[in-house]
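Heads up, there are several structures right after this.
There are two complexes below, and they share chain A, which is joined by chain B in the first and by chain C in the second.
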Partner chain A sequence: MRKPGLSAARAVLAGSLVQNKARSTLSVLAIALGVALGYAVALITGAAVNELALGVQFLAGDADLQVRGPRSGFDEAVYPRLARLPEVAVASPVVEADAKLADRDDVLKIIGVDVFRAGAVQPGLIAQAGDRLDQLRPDMLFVSSAAASALGVVRGGELAFQVGLRTVTLRVAGVVPGGAQQRFAVMDIAGAQTNFDRPGRVSRVDLRLRPGIDIDAARERIQAQLPAGLAVQRPEAGVAAGEGLSRSYRVNLNVLALVALFTGGLLVFSTQALAVVRRRPQLALLRVLGMTRRQLASLLVLEGAIVGVVGSALGLAGGFVLARAAVRVIGADLGAGYFRGVAPTLALAPIPLVIFFCLGVTIAMLASLVPALEAARAAPAAALKAGDEERAFSRLRPSWPGLVIIGAGALAALAPPVAGLPLFGYLAIALFVIGTLMLMPRIAVMLLAALPLPRGGPPRLALLQLRGAPGQVAVSLAAIVAAVSLMVSMAIMVASFRVSLDAWLERILPADLYVRAGAAGDTAYLGADDQARLAALPGVRSAEFQREQQLLLDPSRPRVVLLARSIDAANLARQLQLVRGPVTLPPGAPPPVWVNEAMLDLYDFAPGKLIELPIAGKLASFTVAGVWRDYARPQGAIVIERERYIALTGDRSATSAALWLASGVNPDELSRAIAGDIPGGSRLEIAAPGEIREVSLKAFDRTFAVTYALELAAVVIGLFGLSSSFGALVLSRRREFGMLRHIGMTRRQIAAMLATEGLTISAIGLLVGFGLGWLISLVLIDVVNRQSFHWGMELNVPWSALASSAVVVLALSTLTAIASGRQAMSRRAVLVVKEDW
Partner chain B sequence: MLVVHGLTKSYAGPRPRAVFADVDLSLSAGDYVAIMGESGAGKSTLLNLIAGLDSPDRGSISLDGTELTTLGDDALTALRRERFGFVFQAFHVLPYLTVAQNVALPLSLLGVVAPEKDARVKSVLAGVGLDGRGQSVPRELSGGELQRVAIARALVHAPRVVLADEPTGNLDADTASQVLRLLRDQIKSHGAAGILVTHSRAAAQTCDRIMQLTPTGLHALPPG
Partner chain C sequence: MRRRRFLASPLLLLASGTLAADDYPRVLPGQTIGFPRDAGAHPAFRSEWWYITGWVREPDGNPFGVQVTFFRNRPRVAESNPSAFAPRQLLFAHAAIADARYGKLRHDQRAARAGFGLANAAEDTTAVSIDDWSLKLVDGAYIARIVARDFRFDLRFAPSQPVLLEGDGGFSRKGRSIENASYYYSQPQLAVSGNVAVDGRDANITGTAWLDHEWSSAALAPEASGWDWIGINLDDDGALMAFRMRDHAGAALWAGGTFRGRDGALRSFEPAEIRFAVERRWRSPRTGIEYPVAMRVSVGNDDYALEPLMDDQELDARASTGTVYWEGAVRALRGGREVGRGYLELTGYGKPLTL
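== the complex of A and B ==
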């Protein structure tokens, strides 16, 4: 049987969407923008990670297990022991080095393989060579097709690499087919060891087990026989470890994109809430005609669903276009440097597509649910009367639900990370926003009551109107409060981070000049002779050298950095920005190391703790003597005294040097002397502390560029929300304005009244947004950043930037209010009072 | 005081429509006239023209010697603020203001301040039978009381002309009768001129004169 009133319901539904074309379009666009940003970020980061995984899988070939160790490799004597194990069918030793290209600031991954072994484990790495002996020649390599096109080399060409401070030139014997978009080159393992200074060392051994062997059981047996610092694992564990480094960044970007979608949802909420209030008599009529509460609520949620479906569909299309443009302009890492050298192929990923479509529709429907329930609850008899819509805003709800939600947010902020991600931190932020929005009418009442009432004229009327309708303030401000709080919290977090980073750079760069063997890769270094020459240069008062190594402490995580450097125990504060410690070591305690905050968070290396580190294939005991601040190595870093490192490893090489100049020595002249007087000195990267600081801060700003863009999107949506809700409010109050024009209020006075309302509402929004933003910034700084990247930082509020943004948002929202009110001042609006005559 | 002469109005558009032509009307202080007419005859349009909210095709409207048809919007607004009072069918009492604040609106617009403003509001509220209800909010009032508030607001600034368009359309018979009596008494006691637009013969009979609006102008109807 046909339900009574359904055709009327359809008419109301269609009529609302068509009648409010502009506002419906704005809602659709807000959802579309949020979905587009979310889908684009998911597409880009997903494609980049996928490309990395494909690369790792390709390079691992058919290996069941991989034995890995420090980045610099391990003793090749491990290989024959592994090859002789009964469960191993084939063992393939690999030398892997990110070789610094001599003529450019870039690296190429070199994979040295034993061609006879690799053929059985990594057949994809074996290229067809015109002369089969090319595969064994130490000066020949085969480049992947991606590397060939990126570097512009063909068969017969040459590639020059920096090794130490020398140049090693190798000939291109051919191209390795496949390998997705990965850039690498394959050569004979002996040639790789010789050319890249890795004599007697291998980077990993890939193992193919005999058929029928239980891989996990074999893995445990093999692990038990490995020297310290080596780990055997499935190849996919390497993918997970590699992904882990960028995961927090990717998750943060996705969350920011979701915030834009959430703000879009609030815009839909504002629009729907006001549309429902405006249509109160029509909806009451439907109830009188026989529509049940459930049917009415469903009808209104369906309106939201239509907005969500259209917005999501548009957003997905826009997101794909945006992702392509972003990859082309900014790169796959979106400016953060995690996926350097990866050129992903973007495809319409179906899973994110479905997820973001559903998210867009769900958020739009949820945004419509609250107004829908409110409309369904309204008593039809009262709602039918003219004027009841104005009363809908005058009711105040209890404040305890909002306070409970904020309290739950505070508790969530105290929770530890989940799988290394600050999920409870994000939840805390969401709860703070939702709780604050629920408290908005109360907050508005308090703030409006605190404002002195002007003696007369339009401002008085405006304030009285706002005091009488606190619900209206809440509805109008939902999107702008969320957007402003996001803007403020991000601004405080970024400023705190930037100021802390700047202070940190200042602290860690005390020397006059810094010399690095190579900007990237792990083949460039300073030999003992180079170091002696540098220290002996005229004008150099003193020199400190540092060796950077990478150790594998936990195979499921990226390698941690070991920094061997001179330590002056009496002057630790000058050398390291200690945030905990220093600990005075008791007599007989193992020697000290100092760890960064990431080591404390990830490995629980607290001050005073005794730890063991795998150095040179042996476990050595140390005491954690302090925790230092570090913004460069979120995977973890450990500082060890250089003399102790040399004693343990015999490795006297260094990767960088800090030089203190004699008084009166010009750093530029010394730089020229280094480049000219030291063999290979022109390949050294020499920089003054100021330059390093500048480059670091530029990189910082680049990393946050995408963040700013997402933040701006949320603020624009928030302003749209304010404009939309203000427009709807003005429309709903047209009889009031008509009456006021009748009794002699001029257009200017009505404009002044609306401007006062806009200004007051926006000021309340800004005030609450700033307070909420400050609260969220604490969560971002102390929970999200700390748990994601293990960065500690001091709170720093960028007052002038925030004040400027406040003025801009205030001006824009006031103008928005006046523009929305223009309709109220038209002659047509004046005659609206007659609608009832 | 109010002289309307030769007023003609038509609506342009795809289907132009003549509303009325050659309307003449003259009101002195204390005059209270009812205008009746069929639906669509242009009764509300005539009120809009007199209030300066719409412009005629031709004709003149003069209030105390000032020709309204030649004035700009700001001047008309100022004139309306000072010399007109309005009573609407739907009351249009602002829900966020108290009764006293609603009544004081025209005074506030004219720049009248306390204590004169408060005294005038108190006096007019007493006149409409709402003494002591100044601090009530509109949702606490009945329809009849709301219309009394509207009448008080229409008279508080001592306008020269009160325009009432179906002021009892939303009220029951008894309340309507009380409101009409009150409206007449208040207009008379304030020395204003009043125009009541109504469909109701009974309502019209509370006025001094009854006029019928037709396409050819206003014509006097016999009382009773």
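== the complex of A and C ==
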């Protein structure tokens, strides 16, 4: 018995896959798409992050520990103190500046080293010079090969940088041997200090410890001796902190890719479920022929596995091609601006390759498991009879598991972030989707029952048919509900974000004209003279200056931004969009600072709290007087009164200015006056608030472009799912159609019936998808975004956009239903009826 | 004179033409060398070194050689730069142990820009240091502290004789042009005492050493490719120094030398009175450079055969001064009998100096 059983099994299996070529292809493609997206995202972000990590490692060389502090550096007197510590074998001081290139809107990382110290710690940075004294000359630099090709310079060439509003020109003495991937330039530390205005300051001191010294114990001893605001860590910690900024973004992309894969899994599920139902008699026959339940279930799961293997293999190849294209077209950061100065090369990363292959196969197998178990459980005798199909879906009906899962999702949504990532938020979304899909039969029954039965004709027949088979309806709906809910939730989230961002931009840009010393880097600034000249320009009614700094509060996180600006306490709301506070300071309390929402989330700087900030190497006490909304600095930002900042640091320079114009002054004319009348004024970036808003919103849209693409992919897969399952559903009812034709129904009438069915199913899918999407959008806005980026935003539903996409989806799915039906009806009615008896 | 090789190293060398020699103070005849001032650094000059080489031994042990050298260089590339890191003065140091049982030199090196109190060459007396390496004149004796990769020195070098002014009262010519000269004095017959730790084993040692202190701005003639130098402490308390400058073909360009007898009588030799003849050559397995490790040196009417303590005394200092040279402990023999011990220095045998 065994042998005929197995060969029959092979026939059933292969027959099904081959016979339904179109549907199998769709399943394979859906899995392939999900795998491709996931693998591409993993490849791109992985390559960029890897380059970042390699870069940090390369730059750190053999350092055991690194001492870091504010972005602008710290007192160089710390260096000899570190060098003399008994644990320290070599201390290598480093001056780093992201130098603004004079002629273009780009920066080059300048690494100023003491060649005699760096040689023992960061040998990779030391270039062989024709004249070794070039390594000491203050006007010479060595560029990495990546920088040389990116900037188009060769040995003997020149590079011009903007420092303050001046131009500093340095000569290229050679190329650093390493650094094929990182864009940077190495020069003498003294030259870096003087050329880039870092007098008396170093950015970093890299330490190599004496042999046999316990690094962690030494780290603690050294940390205890450091001035406020400095931290000593292993170099890897810098990698983690650097990755931290982009991590949430990367995780979000990965999750979106997984959603696409999940939707693909749903497609496999609906296809398999209906394929199993359609083959119910054949499968029952296999059981009669002696195949065990277990063997039958394995056989059907194997079908899923074949789809998974083929789809995953295709997907991996496609993902690699996609990743290469994406890096070429939009860059390694996928348009988000996180990985500047990194030129990654894509390699066939083996670990993500294995992971996504396994994921694709597993999802396809899991998607076939439920239908397979159901088919194996069926009593052969009953299943052999015609008309047993609907029984197959009865198992999907109990409603309490779905409700429990949705409840668990609600609980998960309340949980705090894990390691700075909204893992429970993602879990909540997954649980909401799964729970809703499990409840679909019940929801379908309720909604169908609520629909008034049409008087007669095909629509009445359609509704009766659907009412009679809610399980099948639910299976058809799974993919479309998941896709629509994803689309709706993303649309609501993005719209809410965009509207809130727009409102925020309007609020933070109250002046008539904005002036920035340099678009990028940290070497451009407005000196005290420049500020006086700007404020004294005819036509300027008043001017406010802002100094941007970066402080290291927690070495495991990126530096937070310190904004020193004029604050008018009486008119605070005009300057900052406060979401908490303002707090009235009690007499004698330390002076106020105002923090953004990220500071509240990451450092628990709640209004009224007393805090200490390391400014100019000393800890100063402050009171948190309010929390303001900020979409620009997810690493955290603190506003301090500029007068107080100057008193603490003596730093009178500014990085940007806001100008209010006298009435009747044309902003364009003033822009020209600034460029013409102020020395170096042509280097200033001058923008009206409208332009800044436009540029910011453009950047926002670019960032979400990838999101849109993934979303679209999910919707397409959802439509495939609907098409596939509806087609299968129609095919499985071909006896019914034959019968209907026999009793005198026209083709047109049957088409109308199918269109009504399609319309009804789609409407139900849209309705449930919209509801689920709205729920998910709440999680995205209040949990995922908040925990990932610390952005608060108001809910805003883009009704018109949603309505139009609903119409499109409805139309497409109805057309899909009709097309599927037409294919099914193309067989001759008589043959079809005969087939059953 | 010697060690001009370091001036010519890629890092230190200022190719003639990039800077005119008179940007540095010129070395002039007829100047008085005075102490302790001239024991200190002369930062205006292009280059300077304090060079100690000696033979030492444990009470019952085999003799071995020790070398401690500090170099100072003024590169003149960033003199107006206000940064505390500005490389106005560069300091280098080499230290080595020549132990025949080990078969090659144990050596280590340091390099730093002067500043932050981490590396410094004092001007008032001999006090030069790079991190935990130092050479200081304290109470009339030189104290050297060296913490190298695989050995440690804690040595005292006490003068037993007056300072020996080389050349003409300390003005030592190095070439046919009067421009090519240095200020140069020696301190022969230094009594060595102290501690040498090798591979974690401490040894109290005694012995005899030789100190050179030399500073200059244009000591190396453009046509010179290197030099051979000896400083020998004679067993009868006499001292012999001799050198020759070689051209690119290996022929002597210039030579000089001084002999101080046990009675203190000083004799300077004309270039024609000094001859270096190669007895035996040795090729370094590491660099492939061939050195004349055994030489016959004729000074006036006297002939000395030099026998190295071991052949492999090559010092690879490419990581600091950028040079590879041979600095070795040698015995001086007359008529087959040992009459003194000292050091032979052979520079410029690798790639010829490019000026």
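As a working rule, the second predicted complex is superposed on the first by the 819 of 837 C-alpha atoms of A that agree within 3 Å, B and C clash if a C-alpha of one lies under 4 Å from a C-alpha of the other, contacts with A are read in each partner's own complex, and residues count from 1 in each chain.
One rule holds in what follows: a residue touches a chain if its C-beta (ideal position, glycine included) is under 8 Å from a C-beta of that chain, and two chains touch if they have at least 3 such contacts.
The structure displayed is predicted, hence computed values, not measured ones.
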Clash or fit (per the criteria above) of chain B with chain C on chain A: fit
Which of chain B and chain C A:Asp188 touches, first, second, both or neither: second
Partner chain(s) touched by A:Pro80 [first = chain B, second = chain C, both, neither]: second
Partner with the higher number of touched chain A residues, chain C or chain B: B
Touching partner for A:Arg455 - first (chain B), second (chain C), both, neither: first
Touched partner set for A:Pro591, first chain B, second chain C, both or neither: neither
Which superposed partner A:Pro679 touches (first chain B, second chain C, both, neither): neither
Chain B versus chain C as contact partner of A:Arg137, first or second or both or neither: second
Touching partner for A:Ala469 - first (chain B), second (chain C), both, neither: first
Where chain B and chain C come nearest after superposition, their Cα distance in Å: 87
Contact residues common to both interfaces of chain A (with chain B and with chain C): none
Touch list for chain A against partner chain C, complex: 76, 79-80, 83-84, 93, 114, 116-117, 119, 131-133, 136-138, 188-191, 193-194, 199-200
Residue numbers on chain A that touch chain B, as the complex places them: 386-387, 390-391, 394, 455-457, 460-461, 464-465, 467-469, 735-736, 738-747, 749, 827, 830-831, 833-834, 836-837
Parts of chain B lying in touch with chain A, wherever the complex brings them together: 44, 48, 51, 53-54, 73-74, 77-78, 80-82, 84-86, 88-92, 94-97, 101, 105-106, 108-111, 113, 138-139, 153, 165-166, 169
Residues of chain C touching chain A in the complex: 9-11, 14-15, 75, 77-78, 81-87, 90, 111-113, 116-118, 131, 319, 322
